[in-house]
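Since the structure comes first, as structure tokens, the remarks are kept for the end.
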Amino acid sequence: MVKIVAIGEPMIELNAMTVGKLRDVTYFEKHVAGAELNFCIAAKVNGVDCSLIAKVGDDEFGYNVIEYARGKGVDTSMVKVDPKLPTAVFFIQRGYPVPMRSISFYYRKGSAGSSLSPSDIDVSKIREADLVHTTGITLAISDSAKEAAMEGLRNSRKSSLDTNIRLKLWSPEKARETLLKVIPEVDILVTDPDDARIIGNVSEPDEAFSFFSKMGVSTLVYKTGIEGTYVYHEGEKFVQRGYHVQVEDPTGAGDSLSGTFISLLLKRKSVDYALSHAVASATLVVTTRGDNEIIPDEESAEKFLKEFK
Amino acid sequence: MVKIVAIGEPMIELNAMTVGKLRDVTYFEKHVAGAELNFCIAAKVNGVDCSLIAKVGDDEFGYNVIEYARGKGVDTSMVKVDPKLPTAVFFIQRGYPVPMRSISFYYRKGSAGSSLSPSDIDVSKIREADLVHTTGITLAISDSAKEAAMEGLRNSRKSSLDTNIRLKLWSPEKARETLLKVIPEVDILVTDPDDARIIGNVSEPDEAFSFFSKMGVSTLVYKTGIEGTYVYHEGEKFVQRGYHVQVEDPTGAGDSLSGTFISLLLKRKSVDYALSHAVASATLVVTTRGDNEIIPDEESAEKFLKEFK
Amino acid sequence: MVKIVAIGEPMIELNAMTVGKLRDVTYFEKHVAGAELNFCIAAKVNGVDCSLIAKVGDDEFGYNVIEYARGKGVDTSMVKVDPKLPTAVFFIQRGYPVPMRSISFYYRKGSAGSSLSPSDIDVSKIREADLVHTTGITLAISDSAKEAAMEGLRNSRKSSLDTNIRLKLWSPEKARETLLKVIPEVDILVTDPDDARIIGNVSEPDEAFSFFSKMGVSTLVYKTGIEGTYVYHEGEKFVQRGYHVQVEDPTGAGDSLSGTFISLLLKRKSVDYALSHAVASATLVVTTRGDNEIIPDEESAEKFLKEFK
Amino acid sequence: MVKIVAIGEPMIELNAMTVGKLRDVTYFEKHVAGAELNFCIAAKVNGVDCSLIAKVGDDEFGYNVIEYARGKGVDTSMVKVDPKLPTAVFFIQRGYPVPMRSISFYYRKGSAGSSLSPSDIDVSKIREADLVHTTGITLAISDSAKEAAMEGLRNSRKSSLDTNIRLKLWSPEKARETLLKVIPEVDILVTDPDDARIIGNVSEPDEAFSFFSKMGVSTLVYKTGIEGTYVYHEGEKFVQRGYHVQVEDPTGAGDSLSGTFISLLLKRKSVDYALSHAVASATLVVTTRGDNEIIPDEESAEKFLKEFK
Amino acid sequence: MVKIVAIGEPMIELNAMTVGKLRDVTYFEKHVAGAELNFCIAAKVNGVDCSLIAKVGDDEFGYNVIEYARGKGVDTSMVKVDPKLPTAVFFIQRGYPVPMRSISFYYRKGSAGSSLSPSDIDVSKIREADLVHTTGITLAISDSAKEAAMEGLRNSRKSSLDTNIRLKLWSPEKARETLLKVIPEVDILVTDPDDARIIGNVSEPDEAFSFFSKMGVSTLVYKTGIEGTYVYHEGEKFVQRGYHVQVEDPTGAGDSLSGTFISLLLKRKSVDYALSHAVASATLVVTTRGDNEIIPDEESAEKFLKEFK
Amino acid sequence: MVKIVAIGEPMIELNAMTVGKLRDVTYFEKHVAGAELNFCIAAKVNGVDCSLIAKVGDDEFGYNVIEYARGKGVDTSMVKVDPKLPTAVFFIQRGYPVPMRSISFYYRKGSAGSSLSPSDIDVSKIREADLVHTTGITLAISDSAKEAAMEGLRNSRKSSLDTNIRLKLWSPEKARETLLKVIPEVDILVTDPDDARIIGNVSEPDEAFSFFSKMGVSTLVYKTGIEGTYVYHEGEKFVQRGYHVQVEDPTGAGDSLSGTFISLLLKRKSVDYALSHAVASATLVVTTRGDNEIIPDEESAEKFLKEFK
């Protein structure tokens, strides 16, 4: 069976039950999230085994992450429990100041997850995997986590990276500098115009592909939102438009898109098939508060696509 | 006063409080539903008396159905309480795998409601009624319920049937075979392209009318969704487009459409009036989780239509 | 710093947690509202001090109003506590009979707020303020409240009035008669086609401006809904279209529009800037159940406008 | 079948979802209540028909009352809908300032229910009933309601009154004066030490019985809380202690006690049986927020008593 | 590591959010439950591996059971998915008619779980286990399930049975007859006075031990509620009183008691230690709505016991 | 008017909506808390002005703290907004592992509040105050906060300290060392046996008083839980037993006790009066999830005491 290893910090998400400024929100709904865990769950739902390399705290939220991920079928045998540091949490503010958009407020500084280091990477497991995945978030949260991620990428048979630049975690300069170093290690790159502008001062899809392919990227997944997701792969260009639905919270949509697309590609599905499923998956994710629960399996994505074609 | 008798199983509905896979839903909201009960409530709200012939269990959910229906003004004097069998329940999954669509999971096998039989039909009451209504669901849930429904239709002064084919309850073959026998007993038929395809391999409105009118149907209500509802009545064809609104749960919309249309027709309102009210009613039903609470009275439907014209 | 005084009744709002007829709503969410308090909060969020002149009951809901308004930065030193009369409450029914619209059911007859009288108006504070604001609601709830409002307007350096005709509070005839007397005291008038028709039998924007400017109004804010809000000011005409968003409850949107527009005008922002912010503010208010919590500050409104331009 | 007529105002209850000052409560749960309606439901659950004579508003809350009462089996054919006045509402604050106690805040002044008058009393129906019931609340809310209640009592074959003095509705002096006039019309009196002190300056059970029996009362139900409920009936004295349970909201417990006791007495059950069931009923009512939903039928009360004996 | 195999039907539990008759409950909270699954989770939390042998439906609730159990560390590799039959559900009514007690309403007839049969038992796994556990529920739900349970017990190295007689599933006669056949296969028996009376017409602890030990039971766990749990083991008698806490829902307490006691015994803890932990565990379970989430690990049980000693 | 200054970190509290392990809690209710803010609110409710010296982040939660405290009447003019650091949050787990007890999980490391330093202390305001209050928490969260607190105590006319040792924030050794230095600066000390054991290896009330009075403490408030709170003041010893109530969450009870006691003492009420009110206040706080909303004013505490005497 195809197997992925993902490296990154899982977190407890506290999602506002009502739209508006967080100061006026009384109730929060807890979910388990984190870009790489979301990716892993998308892979698993699509029939690809996925192991998460991560650290959590020796606290209720840490065991929450492990139980949830294990329940969803993610291999958690490489999730370590740090005896001292806490599991990270973040809060989601929805619909303010922009309707249908969300903002995250992180409490992850000094967290167990950000203390991940190269010693936490089991290189033998990395080498066995068909693909190693990480994101710009892991590169941003701490130097040791960045080193851990790079240790993973360097030893991988194949690798993917979602740039995922979060300006609450690092400056554009720091992000650019780091990503320019890391991207050459990567086979499949997932990014979007905002991030491409920071990294390479490019924004048009073709221009972005030209830029990143020169850096050695062989497959580019370029997300421009509702207008469409572009894929450049083996000399071909593909595009899939998004779908208009009632938006609850877009958080996690990108992770589900990349996790679905890449895992279906690894399963040797066509790019068209993988891309349409990936966009279906991301579309469903924006209709709910959680980041990964609603990710559809292949049969369900087909039902979605039959209605929305 | 005009009077309807409806025959069919009322149920307890457990509606998911959040969109997504039922496995990830923590809270459920209870409603009272069932196609024929929904129809009856639509009739009553529109000023037409309606009696329900049905069975429920001698349990909390059974009394729940009776108290709710009675509160809404439905005559429940012919709802029998079975001493042994349970009241049926069903769960609604919303927005997965298709946004704005719902899926029902039934626990109605061996229920009190499905044990309905011809002996539960008070023929004298049937003969007094202006109309007897039932649906394909009653025909599907058990042989005895089917016989009960047919006993009702056969003894009616006028009758209506909503085909309502639920493939979780019977196969397309069984549905077709049964409906081909029952439809000739019916004056007013309510159906849609999916069901028409199963029954007569027809789907276009005119084609469907041609097919069903040959079977003896005098009035056809043909629901094609947001594009429009067609009515063929006394040699004329009418159509009313649907309205775009925020969708919470479409369950019950069809019942409210047929209940409103038919009861207004019985009140000698024009087809245009009855059809526009019927579509207004169905539109409101999709904006809420319950199947029948929001059904508008005539004055309220007029307010709706004034805004949405 | 610029300073506004607003005169009118604050209330406790019980907002239906579910869409539909209030009889079928089980849970209600409490908010603090009232047209003039909403206006005051909009002013404060936009950096303009605002004092509320009002009365509340010596009860939990009265202290609720004071604590909430004070927390939001409104000056409550002129909110008096009546020892005997209760604080008014109202219930909001949402989405019935018209989706995305709301209806208010008031329990304000004989309330503390409606007992406001000219003796509650501290004329020295009125004279110090840059602007005095009130609405047609204050004119409608009682004769003494109307006199209090007029005492405020007459002694103001500058004044604004939102006509806000609520036909549950007075007849169209009474509304017209009163407003025809009051409007000549007003500098800035906020109204809409429904109200303009009642007052002056006018409805087209230019026609309305012609009518009201003859009565002495120097600035007219004319709200025609999603199609646009018109402003006539110093010989110029401005218009801003509305934005399509998911509607939760439109209650309070107009107050936030006028509070934002007028306070930014007082801060000497351009009409274009003030109007676009005002419409952004009103748009956000319709996405939530509360009337005033989500009102954006200038920086947040800019973020909104950047996305929705 | 035994039949009761009860006269009094039904109301919409908004019960705080959290314990504490109402100003800090965000969510409210709606119930249908009112002392006489609670009494009626207790009668019906215990197998005694009950009709309510009352008025409600022509509004959602009015139809809410009717649908709810009808659903619960109460005869609502004598509940009139007033075209102008609103249905009364009240709010319940729980656990403050005294844990396990509740306080009601009424919005019933000028309500439809308080406009009840002798012309609303159908004397022929009163004369047919086995018992007419009312409470001190009906005597307090308006002069016309008091007259209506007295019209009912005077024409009854047998009558019961729960003194139910609410000092938010009238002064102790007014209460005493009125009750001293009304009690001589009454066969069964339900009261407690607080009320007995106001009416007759008595508080000990025997002392109270002596006082009231001199006024013509033949049966006295005397509620002293958890210590016990005393009954004086046909020369005998009975007592039943209360039960310690987790208290959610005591509102309505007294109504359920009197409704259960009196209806079982009318069914010719023994005083011991009726009293133990009445206390079981009241005990269950304090464990929930609603006033009447949990009232047990005879079989269920027996199960309760088997466990708590 | 010590290893248990448990045989029995896992279910989806819909727990009433409010106390009272189910007809009046609007919201339900979903949990995953089932006597043997609860037992398994108690074992796992106490450091003993546990595998569940069971069947679920190929539906959302079936995968819900698997994901939940797997998340909690239960080995679900022997939980089969039936392609046709549904996963069982049940509803919990709390606090009516007896405060602090619960009643379950099952929808498990014809469920996937009740179709368990001897062919689902992997005898090699049974033989490897340190203990095989089942309950009277598995013996009651179907003949094939009973045969499956007996196949497990007969091939076990050591076995335990909780009699768990549910009179909604079988008659006392059927229960007695079956249990008298099964108990001789069992090493550790868990029961209570109600069940012992049905099985052997015994109720006093010593009397019960005498009866069951003659049938070959070597260890007896005898639960008499708050008064105490008795253990007879290797010629000694132990007792542990219960603790008074605020009761939310007692469902599952017995399973957690037996699962904790037996797994600690297998870990060679003293009977005193195991019994006190078992009672602590059961006490915590009654304070929550779920059946198994709050089961304490050894360290947490020690904290509990330190406070409640 | 009497005036207090309190120094310490306010926080956002996320309180579990259900009892049990946090991993199994889905919903959290937000409150504003912090030992010194709770104290301040208790003072204000009891008629004593209170200013909070603190820092919060320039984020939604920071403004949440300010708006809430200002709404409750606390003077927030000395609450500074840090442009970079976040507002602290904490989570409350209730009822596990010990029923009726709570555990806090802090995310306050590196928070704005813990960056408080002596430069944030306006000594002129300190000198004007009748009393300066802080707690052991402020001494524990950072060196700069400790210095700030000591700057406040040293410059006070009168001071109080609640030892409030939280072992998640510092070691017993560190706590002892620091408190032994700080207590000599303090006039009124609030502590309990657990803390007294750490500080002075004392636990019996008299023994504790002997120990602390030698350190210069003139008034000792010694909380031993439900058994009683002891006060040693001007040569006299007072004691007040606690009250048994339904416990929701004890967090904040101690702060409300000390805030109520000390503010009433400053208002020259008798120790008996102040102490009984303080215990009433703490008792009410344990019945709710928030830390400070339910704190009773004097009149309400009297009502409580009348019922519970």
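A, B, C, D, E and F label the chains in the order they appear, each numbered from 1.
Quick note on the criterion: a residue touches a chain if its C-beta (ideal position, glycine included) is under 8 Å from a C-beta of that chain, and two chains touch if they have at least 3 such contacts.
Heads up on the chains, UniProt names are A, B, C, D, E, F = 2-dehydro-3-deoxygluconokinase.
This one's a predicted model, so the numbers in the text were calculated from it and none came from an experiment.
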Under the touch definition above, the chains in contact with both chain A and chain E are B, F
Computing the C-alpha centre of each chain, which chain sits at the greatest distance from chain E?
C
Check: interface with higher C-beta contact count, C-D vs C-F, is C-D
Averaged over CA atoms, how far is the centre of chain A from the centre of chain F? Could you give it in whole Å?
42
Rounded to a whole Å, what is the gap between the Cα centroids of chain B and chain F?
61
Which chain E residues reach two or more other chains?
21, 26, 67, 246
Should the pattern of chain-chain touching be classed as line, ring, star, complete or other?
other
Here the pairs of chains that touch are A-B, A-C, A-E, A-F, B-C, B-D, B-E, C-D, C-F, D-E, D-F, E-F
Report the residues of chain F in contact with chain D in the complex, numbered from low to high.
243, 245-246, 248, 283-284, 287-290, 293-294, 296, 300-301, 303-304, 307-308
Provide the residue numbers of chain E that touch chain A in the complex, in ascending order.
67-68, 70-73
Contact footprint of chain F on chain A as seen in their complex:
14, 17, 21-23, 25-30, 59-61, 63-64, 67, 86, 89, 93, 105, 107, 109-110
Would you mind writing out the residues of chain B in touch with chain A in their complex?
18-21, 24, 95-101, 246-247
